[in-house]
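Below you'll find the structures, each written out as structure tokens.
Look for chain A in each of the two complexes below; its partner is chain B in the first and chain C in the second.
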Partner chain A sequence: METNLNQLYDAILAGKLEDAVSVTNQAIAESVAPQTIINDYMVKAMEEIGARFEAGKAYVPNLLMSARAMKGALDILKPLIGGDNKVTIGKLCIGTVFGDLHDIGKNLVASMFEGCGFEVINLGVNVTADKFVETVKNEKVDILCMSALLTTTMNYMKTVIDALKEAGLRDQVKVMVGGAPVNEKFAMEIGADAYTDNANAAVVAAKKLMGIN
Partner chain B sequence: MTPRERFMTALRGGRPDRVPITEHLFSRKLIKEILGIDAVLYDGKVQAELASKVGIDAIWTPVNGFCGIEETPHAEDEIYKDEWGVTYRKNGWPIIAQIDTPVKNREDWEKYVMPDVDAPYRLRIFKDTKSANKDELAIVLGILGPFTMMSWYLMDFMTLSISMFNDPDLVHEMNESVLDWTLKVVRKAIDDGGVDCVQISDDWGSTTSLLISPDSFRTFFIPYFKRLVDGIKEMGVPVIMHNDGCLWEILPDLADCGIDALHPVERAAGMDLKRVKEEYSGRIVPIGNVNNKVTMASDNPEDVRKEVLQCLDEAARDGGYIISTDHSIHDLIPYRNFKCLVDTVHEFGVYPINIDADRLR
Partner chain C sequence: MKEQEFQPDYNNILKVLYNQRPDYLPLYEHNIDEPFIAKFLGQDVDSTGKTGKDLDEHYRIVCNFWKDNTYDAMSYEAKICEIYPDHGAILGGRLGPIQTREDFNAYPWDDIPRIFKEAYKPHLDSLRKMMPAGMKAYGGCGYGIFESAEDLVGYESLCMMQYLDPDLFRDLFLKIGDLYEVLWRWVLDNYADLFVFCRMGDDLGYRTSTMLEPDTIRQHILPQHKRVIDIVHSYGKKFLLHSCGNIFGIMDDILANGIDAKHSNEDQIAPFTEWIEKYNDRIGLFGGFDMNEIILNPYDVVYEKVLREGTQFRNMAKGYGLGSGNSIPDYMAVEGYTAMIDAVKEIRRREKNQ
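Presenting the complex of A and B:
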């Protein structure tokens, strides 16, 4: 029987990892093009859960579970995709800035990015400017994302942006910032390219920075 | 009235001689500035002295075993575990963020051993606070609630999310154990004497919404939270809930759980003091609401004065309101601004309250 890929959409929307993986495996066995599976079902499911989150009809655990199911299915498809058919829509690094050890929000954003098709280098917490600069240089990331949960550490975001300028890398990478004490005004003052206040909005903004949609 | 009488009168919804002031966490910088002490651990004596000196009416004193508060001093950046098996890297004060949590799955939980309720140090901070409380301030015993314990300390948020989907019994079993432990420790403190009220810290909201759905709260946390509140009230003391963030969706449930007061009614998360006061009059006493991110960090104390007057005007007129910031006193809040909050309450928070409309503009 032919796989019903709507089941994949449903599994990701409901955050069911095992179901998402099993439907994906079945689809691969039936030679469905990976790009079709990703674009027509997986990305659509993530967009739907994102929209529900924005509307207050889904909560953080729903986003996390959907992103986890999406990632599980994506991991199976990755080895099958080569050449120009890139499996990711962009590459980014993300970290909580030096002096700050909070990572729930940052990890949620990282999971959403992964779930929505970005390749993510998660640098963890307490990340120095040197580490960010080195990653931008060596990994050729498209976007650098920084998080801070403390009013005392958010100023370090400017240190990172200044270090990028000094290393001559500022023009090669977009910078996004977020975290409870951060706001749009602060983001613009320190020279970031975007600020968002939740994980779903972060994905939308990142896609925009990449010129998608 | 003594500070304790003032605080307890307002906490029970009544009208004291003036609006009581409280605050639950002060920055190390401010302690140094006021007392000349470099606070290393969270010390009950220092907190009592500080509270008296800055002119507030209550002292927040956590039980030992309140996750995030160090039991012994650690070097900057040192990695260590507490008695719950939570891993921290020393950074910040007085509450340190965890970097790893002990329970990732059922197997971990089955091997897990709860901390010893009767550990000799269990009430150290509380006892020190009592002995140093010379000015009759109210003593607020601090404990952690079920959601923070489960999403932040025993499990991480991702593990909790997965468990609520895949192994809901695990979340219930862990909640039972934490509830049992917490009630035993509160009992111990109350038997020791001098607990005026208990503050359950349990953060449920982000600045824009709840962290999990209202239904998930109702399924996994509210039953345990209610039993915690009931258990404490049966011991004869009122309950304050510290719960920052945007809580409108769940506020009716919290009122039904029987909390006496809600702290900190976070202005920065859209919690409107007037609306809380009006909609929950006679049920929940609001504590807080002065914005600690913007107003308290302002260069101009006049901003503080205005916001304090607005809070008094909106919530204090008939009693049943306690003022504080909408979270805590962090490094960027200058002492002159906190002093301005206290001075303004001393000047305009005396009953009967009369604030000219002109002053509110």
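Presenting the complex of A and C:
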């Protein structure tokens, strides 16, 4: 019987890992193209859960469960994708800035990025400007994302942007910022490219920065 | 003319808990970090490792800091999470000690009351001894039901545990509730006289929503809150809930639990006037001033804002105590904090002269 890939969409939306893996395996057995499975069902499910989250109709646990299901299915598909076909839609690094040890929000955003098709380098917490610059330089990331929870540490975001300029890398990478004390005005003042206040908005903004509809 | 020395009166701030207008505008903070007090006073303030007379001297300094800054009462919490074996997941970056049913069964729950008493009895005794006349503490046991679960499991694991092992998730909150009952009863059996009212802090939200689904909070967390609230009330004390974040979606349920007052507000979530308009007919309110405003702005800006808006909040609300929307952390600017205190003194002076 032909696999109903809508079941994969439903499984990821409902955060059911086992179901997502099962349907994905069936689809592979039936030679459905991995890119079709990813782009037409998996990413769309993550977009839907993200939209529900932003609308206040889904919550952090729902996002985490969906991202877990997405990752489980993606892990099966990754080895099957070769040649010019890319399994990711972009590469980014993300970290909580130096002096700040908070990572719950940052990790949630990282999970959503992964779930929605980005390759994510999670640099953790207390990340120095040197580390961000080194990562941009060596990993050729498209976007650098910074998080801060404290009013005092958010100013370090400007230090990182200045360090990127000094290293001659500012034009090669987009910069996104977020975190409880951060707002749009602050983001523009320090020269960031985008500010978002939730995980789904971060994915939407990242895609926009990369010219993806 | 020399400023008259402030005489604290805990009955003044207590009126907020009865949702009555206090005689003069009371000051309130959820917490003032010891390093901030040290920065403010220009001297070492650290209770770590202190016992006996050294601990008494520590609390003399801390109590006088609150009194000198014209508070009627001061915050003190015996912080439950800090004595949990292998704690720390609440800060993120690591898993807590309970991930499975086996971990839950093996966790030394029965040792915690003993550890708690050994850790906090000297502090509570010392605080009682050094408390200035007219002042009391507010607080009791520190950290809330949800925060305990976060610390023992880790936030992300906890989010998934409710789906992957719902029985464990349920049992965890029941167990934490049982533990809280024992610890709160011990504090109130032995130190009820020290506290003017009781408070539990449990951050249930973040900027845009609640940390867990509202129904999950209703089913597993708020019933445990209710146990604490009922215990506090049974000792004849009023109850204040401190809870950060956007919790409007569960506020009706929180009110139905029987809280007497609420603290914590952030401008990015809602202006404080919204809290007054929505809830001040039913409960007292504390706070009003977003921490960021006090930290980032110079003295004059903070002073003018607190003078103007503090007067407005005082006039709008019945029970209201002024302070930051959260707490005074070590990185708080001394000038911003001082401006807030000075503005409150001016509001009181103007009212007195009317």
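For this structure, a couple of remarks:
Note that the second predicted complex is superposed on the first by the 213 of 213 C-alpha atoms of A that agree within 3 Å, B and C clash if a C-alpha of one lies under 4 Å from a C-alpha of the other, contacts with A are read in each partner's own complex, and residues count from 1 in each chain.
In this text, a contact is a pair of C-beta atoms (placed from the backbone, for glycine too) under 8 Å apart; a residue touches a chain by one contact, two chains touch by 3 or more.
Here the structure is a predicted model, which is why all the values come from computation and not from measurement.
On the shared subunit chain A, the superposed partners chain B and chain C overlap sterically.
Looking at the shared chain after the overlay, A:Gly191 reaches neither chain B nor chain C. Overlaid on A, the two complexes show chain B and chain C touching the same residues of chain A, namely 15, 56, 59-62, 64-65, 68, 101-102, 104, 107-108, 125, 150-152, 180-181, 197-198. Residue ranges on chain A touching chain C, taken from their complex, read 15, 56, 59-62, 64-65, 68, 101-105, 107-108, 124-125, 150-152, 180-181, 183, 197-198. Taken together, the chain B residues at the contact with chain A in this complex read 89, 91-92, 96-97, 99, 152, 156-158, 160-162, 164-165, 206-213, 216, 293, 297, 330-332. Here chain C touches chain A in the complex through residues 91-93, 155-156, 159-160, 162-163, 206-213, 216, 249, 266, 268, 291-292, 295-296, 329, 331, going by the rule given at the top. By the touch criterion given at the top, residues 15, 56, 58-62, 64-65, 68, 99-102, 104, 107-108, 111, 125-126, 149-152, 180-181, 197-198 of chain A touch chain B in their complex.
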